[in-house]
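After this come two complexes, each holding chain A, first together with chain B and then together with chain C.
This part shows the complex of A and B:
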């Protein structure tokens, strides 16, 4: 474990234990405790990363490898947005309100554990904790769709865990230990890498299933669509990214894809990345449901991260990490907006919606900012991460991949334009007539995230110095 | 046959049985049983790896942790199963098809 960030794991866990007792007679205490915990953590992180002395020294003395700090920041940010949104979104008479917040905080703690782990077994333990909290969170409202999504998620992630364990066993047999450091040292030596790569490939397969990359994406749209509305923002924004994609990026750095020691694995990962960009984007074009379309778009965006991780050069890894962070910002906005639409208009079926921009202007315009960032329109933050990924591909001589990634970026813009026209623009339908704008607290998380998207895009040079430090540290 | 090969043969066989059980059965309960067999095979793989790489103590420690996790995951799975049975009145996996597109 990375000791410097241990407090960010333990404090939410402690708060999660405390909430059921504190909120026994006053359910509102649960909202307050969860929000205060995450807000305090976020303020602490901001001070850790953005204090004047840290900026003056160009982030030279960051704790740990910098990547975990950035991702803990993303986790707390999305967690705070979701808890703040839930505080006003949940039904007053939801019977298990304290349990809901406890589970959210445990999942934040487990994600922190995932990104600060330094060996594969710790990673596995926290990924399992995260999966169990997700099953429970998806079924919060006890709907048909929620239970169905959770069951599909369960039956695909559990065999993936078994594959990861077999991979761990083979790694132990050939390497003698499970720490990241040993694998890194082994891969930078000249010993033939055969069986170790096989073990790593099994672990990677497990994490590919968990992150919903295309041949194994069956559970992703169902789980996101069926989940309770704020939970789907939590799941799509951060949970599956941390439990699957983060591990893939970590493996890419440990297996040293950039010096070609595990060439076959690297090529496989890049191919799956491109496949998932293509299939996700094309499937998103023909969706009828708002949330399901966002889920397919999420698969497509994960494809970009996996593609960059498969390439594994320093520039590609900067792009992958940045796109992971950006994905957390824009997907949270879009899913929270879909929750607002569901609350206000009573449906997420795109054929029944239309003309919501007149009655819900704030929701409409925050969606526009988020979708332009997803499609990679300058100067928003999504543009820079996609640019880095495509540049890295071009630089390594993979012109076909670069051109295809660029083309599907245009398809992204196309399906989001279709979505925007069907849901927010166009003629008012019957469902849109009686749908007022949601209250200000429900809009606040989306507006804050939009501010972040614009700010990261405009202040990109500063953020790039940070990311360069991260990439240098995780590759050496 | 050496005992190393024997162990891994058994592991592969168990894993195949588990996946076969998952593939052919329609009932969610049977699928859960299949999953359990798969994960038991994975555990055997870990303990065998620990023995043959002289890391038995470490492997045992990992395995006990893993059993605890397993219990929690299975409890969550059974809870989902019961919830699904109460809502749908059946435990047939092929009837879970209300979400598609």
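This part shows the complex of A and C:
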């Protein structure tokens, strides 16, 4: 474990245990505790990474590899947005309200565990904790759709866990250790490739399923659509990225030391990435439901990260991590906005919505910012991460991949245009007539995230410096 | 920082950031918002025009913010960028003044003013950028603004047309980005100052060209422009005369005119594409019956003439093309603003339902006629000189087929504009009750543009001396 960040794992865990007791007589205590825990953590992290001396020294004194710090920051940020939103969104009299917050905090703690672990076995344990909490979070919505989504999630991702553990066992048998440091040394030495590649392939397959990459994406739309809206923001924004995509990035950096002997694996990863981009985007074009469209969009965006992870050059990894962070910002905005729309207009069926821009101007415009960032329109943050990924592809001579990845941005833009036309612009429908803007606390997370999207786009040089330090540390 | 650099940065920063203050001004009062928007437009024009004196004395002003990987944000004022910025900012300022009355009885006005000023600001950024990547960034920002402006009215049809606009132009922009990436890896830099006179591969040139053609609505990407006519006339005027369409032409002049040495075969391809574009769109303008679509097709056709001048590869034609940009901006801006008055007062866009309007709208009619004459290229209007220079340059180039295509195109311009004028203003009144003239500021705006078109013809010496100097100083690979 990375000791420096251990507190960020333990404190939310502790708060999660505390919440049921504290909230027994005062239900509001659950909201307050969860929010305060995450806010304090986030403030702490911001100070760690963004103190003036740190910026002045160009992030040379970052603790650890810098990547875990950044990702813990993303986890806390999304977690805080979700808990803050939930505090005003959930029904006051929901019986399992304390349990809901406890689960959210456990999931934050588990994700912190995933990104701070220094060996694959610990990572696996936390990924499993995360899977169980996600399953429980999806079922917080006790409707039929919620249970269906949870079951699909269960049946499709638990076999993945089995694959991962078998792969880990094979690696353990052949290499004798699972810590990243040892794996790195082994892989750059002259060990026979066969069993290790096989083990790595099994692990990779497991994480591919967990990140919802095509063709293993069947569970994502149902899970995201079925869950409570803040839960889907949590899942799509950060959980699947940490439990699947992060591990893939980690695998990819390790396989690089395999120099060429696992070429097929990284090529397969890149191919699946591109396939996800294409399939996710084209499927999103045909969706009728707002949340489902966002789910497919998520599949498509994960494709970019996976594509870059498979390539594995320093520039590609910078792009992958940057895009992962950006995805957390814009997808959280979009899912939270879909929740606001659902709360206000009573439906997320895009055929029944329309003309919400006048009654819900803030929701409408924050969605526009988020969708433009997703589609990679400059000068928003999504543009830079996509540009870095495409430059990395081009640099490695994979021009077809680069051009295809770039041109699928137009499909991304197209389905968001369809969404924007049906939901926010266009003629007012019956459902839209009686839908006032949601209250300010519900808008706050989306506005903060949008501010972040714009700021990251404009302050790209600083963020790039940070990521460069990260890439140097995790590769060399 | 000395004064030219200050003016350069304010010309970009004031409209870009000022645009986001317009909603705040809208909270104060409607008239405060309108006045603020018009002031931003005028200020931008003054800032851009104030750069004429340093560039005329042979200086350039540079401003740079360092970005990693050679993505530096560089603003540079040279003769070409100052010229283009001043023309755009001037026409935009007139359009903003006209908008105050025109737009006053529609919804979404705050969004409208914000987007127009942001549009102007992005245009300034694009024009002054000396880094291809930042040109692309501002390019996409203009695409975003045009999306919101074309979708100003919110019926399904309008929003669909707006989506078509942004999808076509963004597709082109992405192609252009591919071209830019090729340049980046070929030359290791995107700084246009360092790339001056460098060679460019066919593939990169072709990808960049696709972006340019999609923005300037030339074949095969021309269809979005007539469709964008669903927007209010001020918006179409802005798109056609001041910003959007001119961006493509400017980018061509900047990238292939004064930076890279374009291969000959590539220039020939552009000539044929432009020729086909001129003919097809002039034909479409002859048969359409929607006033705004006719003027839109006319833009497509006139833009092709500018490409003829830029791609002919000699100094006469290049200088002519620059003058053409100026003349066309003024005249086409005027035509669309006239169309706005006509459309608003007759409540129709069908020219078959107009006729005989001259008696009731004499001022608009006169302005329309003057602007049409300039577009046709009748002496002594400004349009004549630019067209003449473009043709004489093209004749020097010696490609007879292309020259014939454009001669036919020029004749057709004459035909469809005469037809348009006749159908609207002369002949028998068809089913309308003599609508009244537009408001004072609106008529004054169009008359100003019409008179300026005439004055530019009379004082052609100054702009043409400027264009010649520009061509001589900056042109690459011109005979």
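For this structure, a couple of remarks:
Here, the second predicted complex is superposed on the first by the 469 of 476 C-alpha atoms of A that agree within 3 Å, B and C clash if a C-alpha of one lies under 4 Å from a C-alpha of the other, contacts with A are read in each partner's own complex, and residues count from 1 in each chain.
Quick note on the criterion: a residue touches a chain if its C-beta (ideal position, glycine included) is under 8 Å from a C-beta of that chain, and two chains touch if they have at least 3 such contacts.
Because the structure is predicted, anything quoted here is derived from the model rather than measured.
In the superposition on chain A, contact is made by A:150 with chain B only, not with chain C.
In the superposition on chain A, contact of A:407 is made with chain C only, not with chain B. Contact comparison for chain A: of chain B and chain C, B touches the greater number of residues.
In the overlay built on the shared chain, the residue A:465 is in contact with chain C alone; chain B does not reach it.
Once the two complexes are overlaid on the shared chain, A:142 sits against chain B while remaining clear of chain C. In the superposition on chain A, contact is made by A:391 with chain C only, not with chain B. In the overlay built on the shared chain, the residue A:378 is in contact with chain C alone; chain B does not reach it. In the superposition on chain A, A:165 makes contact with chain B only, while chain C stays out of contact range.
Using the contact criterion defined above for the overlaid structures, shared-chain residue A:173 touches chain B, although it does not reach chain C.
Across the complex, chain A meets chain C through its residues 355, 357-358, 372, 377-379, 383, 387, 390-391, 394-395, 402-403, 406-407, 409-410, 413-414, 417-418, 421, 425-427, 460-461, 464-465, 468.
Chain A makes touch with chain B in their complex at residues 121, 125, 128-129, 131-132, 135-136, 139, 142, 144-145, 147-152, 154-155, 158-159, 161-163, 165-166, 168-170, 172-173, 176-177, 221-222, 225-226, 287-289, 292. Listing the residues of chain B that touch chain A in their complex gives 11, 15, 19, 22, 28, 31, 35, 38-39, 41-43, 45-46, 48-50, 52-53, 55, 59, 62, 65-66, 69, 72-73, 76-77, 79-81, 83-84, 87-88, 93, 96, 98-99, 101. Every residue of chain C that touches chain A in the complex is listed here, in rising order: 66-69, 107, 136-137, 140-141, 143-144, 151, 154-156, 159-160, 163, 166-167, 170-171, 174, 177-178, 181, 184-185.
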